[in-house]
Structure formats: structure tokens, C-alpha cells
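Each chain gets a letter, A, B and C, in the order it is written, and its residues are counted from 1.
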Amino acid sequence: MDNRTAIAAKTAELLDAMRAARPLVHNISNYVSMDVAANALLAIGASPAMVHAREEVAEFIAIAGALVINIGTLSASWVESMILAAEAAGRNNKPWVLDPVGAGATRLRTDTVKTLLPRRPSIIRGNASEIMAVAGGAGAAPKGVDSANTTEEALAFAVSLAKHQRCTVIATGAVDIVTDGDRVVKLANGSPAMAKVTALGCALSAVTGAFAAVCPDPFEASVAAVAVYGLAGEMAADKTTRPGSYRVAFLDMLEVVRPQDITARLKIAD
Amino acid sequence: MDNRTAIAAKTAELLDAMRAARPLVHNISNYVSMDVAANALLAIGASPAMVHAREEVAEFIAIAGALVINIGTLSASWVESMILAAEAAGRNNKPWVLDPVGAGATRLRTDTVKTLLPRRPSIIRGNASEIMAVAGGAGAAPKGVDSANTTEEALAFAVSLAKHQRCTVIATGAVDIVTDGDRVVKLANGSPAMAKVTALGCALSAVTGAFAAVCPDPFEASVAAVAVYGLAGEMAADKTTRPGSYRVAFLDMLEVVRPQDITARLKIAD
Amino acid sequence: MDNRTAIAAKTAELLDAMRAARPLVHNISNYVSMDVAANALLAIGASPAMVHAREEVAEFIAIAGALVINIGTLSASWVESMILAAEAAGRNNKPWVLDPVGAGATRLRTDTVKTLLPRRPSIIRGNASEIMAVAGGAGAAPKGVDSANTTEEALAFAVSLAKHQRCTVIATGAVDIVTDGDRVVKLANGSPAMAKVTALGCALSAVTGAFAAVCPDPFEASVAAVAVYGLAGEMAADKTTRPGSYRVAFLDMLEVVRPQDITARLKIAD
């Protein structure tokens, strides 16, 4: 059984398992992404909740299957909640995903990431520039919240970050890279149209939380999430690539995509 | 004239009256729901405003037709504004709707509801688990913000809560229950697809505010809002049930639904 | 070359220039509009960022092409950030757009606008009632965040405000007015369906920022933004006018609209 076949089989299995479990995913996310991330979670078969108050985040993660922290629209009070939630996730042995939106663009973002990293995220998901910035890459050149780098440029940084943090790192772009420092998988499904809709990267982080909730290996969960998400993006692009219509088609495809679609269409890059 | 005929006639009358008045609905809602709730209000024919600053909520409710308070994405400073707004609604004799999102899931949510109830909401709208939690039901089992109970299980709690609070209670689910403690109506329009789109329950609370703004009886306003909303959901499901497309179709149907559709298609359960 | 021809040519030129530059637009916007404004910026060809923390707004505007401040869902802490950002825009010679949502409806809104005006916005964009309220018009009658006035009623106020502030003023409605106090252009593209979708006015303010980022004359940038936006709205209405579908079609048309569509279809009113 070659690598692609094994990845497709595991991804198909996890997709079924996630839909059967319908995990509750606790998100502390940004204002822009809340709607599309919640809808993406519902569409793919999970149960979303957006909960950010410092008084309740620790209590809430205890009943959730995974936590997703996204620093897209930061403020000081939200950072406090993020820290509390990340620590509670640790105490409760719940996986958590960090989405370092705009890391490297401002000191507040870089500092917030530095504060969160010691709380040991299970998975870090960003675009190439963000992953390079989080890894301390001097060559990172974020353009606001969009990437100015390719994932190929980010590869060494992603591996180094994963090793150093002992976590899984996902760098998304034309080719998506998933690594836990030892293993590296490059996934090539998706569509350029995905970049036309705001917060689809954030929504992938949320969806990754859903897979992490049902899979003890964050690396396998990440590969599965990226594979399913990219394939849904590709299937949506078969329908339309106009930005308004594409968002609608993409959410539809998150529901439509089946294990056998993974088996048939998964693309692994070299 | 039987019960169904009377309800359909009243609902049709209120739908016309609401669209003619185009009431301004003041929402203090959660971040996830703001977009879809505002769009639902516009689509059905009302005028939405999202206003939460403590400095202005009391002033704003004075120019609005109704207030809707939704605790979906709580924080301490928003609770202060909710209290100020609810009290100002009382002083101005404006109806107000409470949506106790996630009540029972965390102490902050349960406590916030306890703080708001003495400010006398005209209408409380939640899913079955939320209504049971607000009513003090030990059997309530919310799964984050999704319900783990049926409205049939919530019925006795809804009636008891309505009596105790002297308000109208709406418990939504496969069958929607509306009660003021004396009267009980069970409405059976709608579609399972409504649960595929985030915050459609929140948006119903907003739409209920629009009907309450034009109808002195909160019970009749609630029945009309639930009936029209459920029917729009059913008409949308005639077009599509995919989650992205369904949201679009549902907003379209909120505009399309006419009084005569109510007369033709209203379903009252036993 | 008549006026219409000159405006169409300049607008077509700026649309190409904006898409080529793909400017980063820094938004401090309201919760309702963030999703649709970010998607509108992406669809038309710009790069959106929503950044509001007081710790980072000044740093962020330095890397952006323009700033857009929208007071839709105000709170005291956000006002602080707005002031810091507006001042930083001034220091960095970045154009900034003020969207005075609901000005005149509450004291907080009116006061916030008064605080921001001395920070010298390059462009002020509002509906007729808002522009009248900002200009100090006693006749302004906002209905929450919707306009109760026509832009014809707002014309003299808009010209006066532009002169006094030495900025460009955009008053949008059935006919859109753009003035810098000397020049006045009235644009008549668009569709009544645009009022069926929440926050499309806010999203126009964001799009105006994208044009201002690539054009040193705020008046020309404003005319171009309003012309392109209105034409996209008109082209979308050729497809559908139902509220859910219209939003989707409108975002599609922001991508589809070409310079030659401007040349062919631009409508200038007398």
C-alpha cells in the first residue's frame, strides 16, 4: 500500500468517525470568521460554539471536544481568555489548534503568539508567511493577513517549528504542508478560488479542531482535515469560481464530500 | 372557525402589518448571528440595528420598536449593556425578546439569564435544552449551543416558565412550541435543513422582535413569527437542502412568503 | 470630451490600477459588516484586514494603503482605537474614510463623529440622513441606521461639510452624490435591491478605501468607487433581486465588472 493509498484510507475513516461523533468545537475566533467558520463546522458535520468570555472559557472547553484559538481580531482582553482557554485545554487533555493570523505583521500579534506557544498547541495552522513568522523566520513577509510566501519557502520553518514545539504544523497555500517534525505530507487538492473568500483559512483551523477531537494523533487529524477541506474546495470550483457563489458552493461541498471522493481524488505532491 | 384557521388569519394579518410598519428592531446579539439576523430582518421587511454600547443602548431603544437580547457570545461588559437596555425597554414600554443561548452550559450563561429574567422579557425564545435550563430543569442537557432535548420534553418547562415569568415562551425544534402559560400552540412547519445554518435560531429571535413591535400581545406575535419563519424554512427546503445554498434560499423565502402561503400551508400539531 | 466620458475613463483607469496594486485596506469596522466588507474587498481585487486593538492599529496602518473607520457597532474602547488609528493615518499620509453609521441617532454616535472629524478624514461616506447629521443638519431624521432622507435633501449639507472639512463627502441613496465642496458628481447606477442586504453601505466605504489607496485625489477615488460599486449592484440586479441570492450575485459582480462595463453603462444624473 503506497503512501497516497494509506493517507486516503485514514482520511476517509476519520471523516466518517468525525461525522458520527459530531464533536463540539470550542472556538475563540475573530469577528470576520465566526459566521463562515461556524457554518463550515455545521456543513462538514461538527457542532460549533463561539465562546470567549474569561469567566466561562475554562468551563466550556471541559465539555467540548477541541479548542481553536484564532488571533485574527485581537484585543488585550481576548488574549487573556485565550491563555485561560489554552491552559484549561491542557488540563483537560483536549487538543487545541492555534491560528496565528497576521503573525509578523504587528508586535501585538507576534507577542501574542509567543505567549500562547508555551501553552502547547496540538496543531498550528497558518499561511506560509504566518508559519515563517511564528518559526522566527527573518524572511517572512506577510501582507497584512495574506501570505507573501509559498509553502515551499515555509517548509523548513514548518518542520523546525513542529520539532521545537513538538506539535503538528500546517502551512496552507497552493500546496498544503502538514508536518509533525518527522513526517511531512504535501497535499495538492484545493482551488485558487478559496483565496477569494475571506476567512476560509480560519474556517479550516476550525475544521481541523473537529478532526482533532476524534483522532488522538494531531498529525493524522491535520492531514485528514486539510485533505477533506481541499477536496471540497476543488469540488466547489467544479461548479463556480465567482467569489459570492463560490462561498455557497464550498459550504455545500463540505457536506457533500464523501470518503469515496477522497479515495478517488486525493492528490499528494512530492 | 377552527384553531388553525384563526391562527393562520392572525398570522397573515400580522405579517402584512409588520411589513407595512417596517419596525426598527434593536439587537444586542452575538457576533456569529449579527450578519444573518440583520439580513433576516431586512428580508422579512423590518429594519435592523445592532447597538450594544452601554452609553447608548437606553437612548436607542427609545427610538426602536422592540429589543432583542441574545447572550450567544457573552462578556461581562456586554451583560452590563443588556441590563441597561432591558431596563430601558421596560421604562419605555417596548417589548423585548430574550434568547438564552447556551443557558445551562456554563455558570456565566445561567447567571446572566438569572440577572435578566427579573427585567421581565416579553418573550423568551430558545431551543428545548435552553428553555429547560432557564426553567430550572434538572434534565436539561445542552450540547454547547445545540439542543439535546426535544420540545415535547421541554413543554412542561416552557409552560411553567411562562407562568412564573408571566411572559411568552418559544421552544423551537422539529415542532415549535409557543405558550404564555395558558395558551399553547404547537407549530410544525420548518425543515431539518434549518439546523444546518448557524444562528438561524438567533435570527428567529430577531424576527420575533419585529412582530412584537407591531402586536400588543406577545403570544400572538410569537406564534406569527414562528409560523412565518417555519414556513419560509419549508419553502426554502423545496429548493435545496445543502447548507450554503439553503441559507441563501431561506433569506430569499423570508421576502417571498405571503399571507396566502400561511393560509395554505400552516401546520398546527396536536 | 464630456463629463460622463471623462468620469468613465478615469474610473476605468482607477479600477485597473486598483486591481493591479491589490492594496491592503485596514478596516476598523462594525461586527455586522466585517464579513461582507472583507468579501467585497477581496471580490473587487483588494486585500482586506480587520484590525482594531489599540496596541496595534498605529503599527498596522503604516503597512496598509488606506484606513476605513466605521462606527456601526461602537463601544468606548473601540473609539480610542479609532482615534489612534486616524492620527496614525495622518502621520503616515495614508488616506482614511469615515463611515458615520447612525450619526444623529444617539449622542454617543454624534459625539464620536465630532471627535473623529478634527483627525481629518479624506472621505466621509454615509447615507443621506447620516451626512445631514454630521453636517449639523437639524432636518436629519435617521431611522436607526437606515436613511429617512433623500440624497437630494442632503446635497447642500454634503457640499457644506466637504468645504468645512476640506474633504470629499459621499452621500449614497437612489442617486449617489460625491462632492469635495467645489466639484459635485451625481451617479445613478445601482439598484433598490442593494438596500435589502445589510452592510452594503459599510462595504462601499471599505471599497472606497481601496480606491483611495491608489489615487492621490480622494474625490476621483470616491467617484470611481461609487461608480464601480453601483454598476456591480446594477449588474447583480440583472440576475436576481431576492435578498439572499442578491448578496451572492453582488459579490460575484464586484469581480466581474470590467472597465468597459463602466464605459458602456455609467449613468451620471443632472
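Here is the rule we go by: a residue touches a chain if its C-beta (ideal position, glycine included) is under 8 Å from a C-beta of that chain, and two chains touch if they have at least 3 such contacts.
Quantities reported herein were computed from a predicted structural model and do not represent experimental measurements.
Summary of the copy comparison: rotating chain A onto chain C for the best CA superposition needs 120 degrees, to the nearest 5.
For the pair chain A and chain B, the fraction of shared interface numbers is less than half, so the two copies use mostly different residues to meet. If you average the Cα atoms of chain A and of chain B, the two centres end up 33 Å apart. Along chain B, residues 31, 35, 247-248 each make contact with two or more other chains.
Residue ranges of chain C in contact with chain A, taken from their complex: 24, 26, 31, 34-35, 38-39, 42-43, 47-56, 59-60, 63-64, 77, 247-252, 254-256. Remark: chain B residues 30-32, 35-36, 72-76, 102, 105-109, 143-146, 195-199, 242-245, 247-248 touch chain A in the complex.
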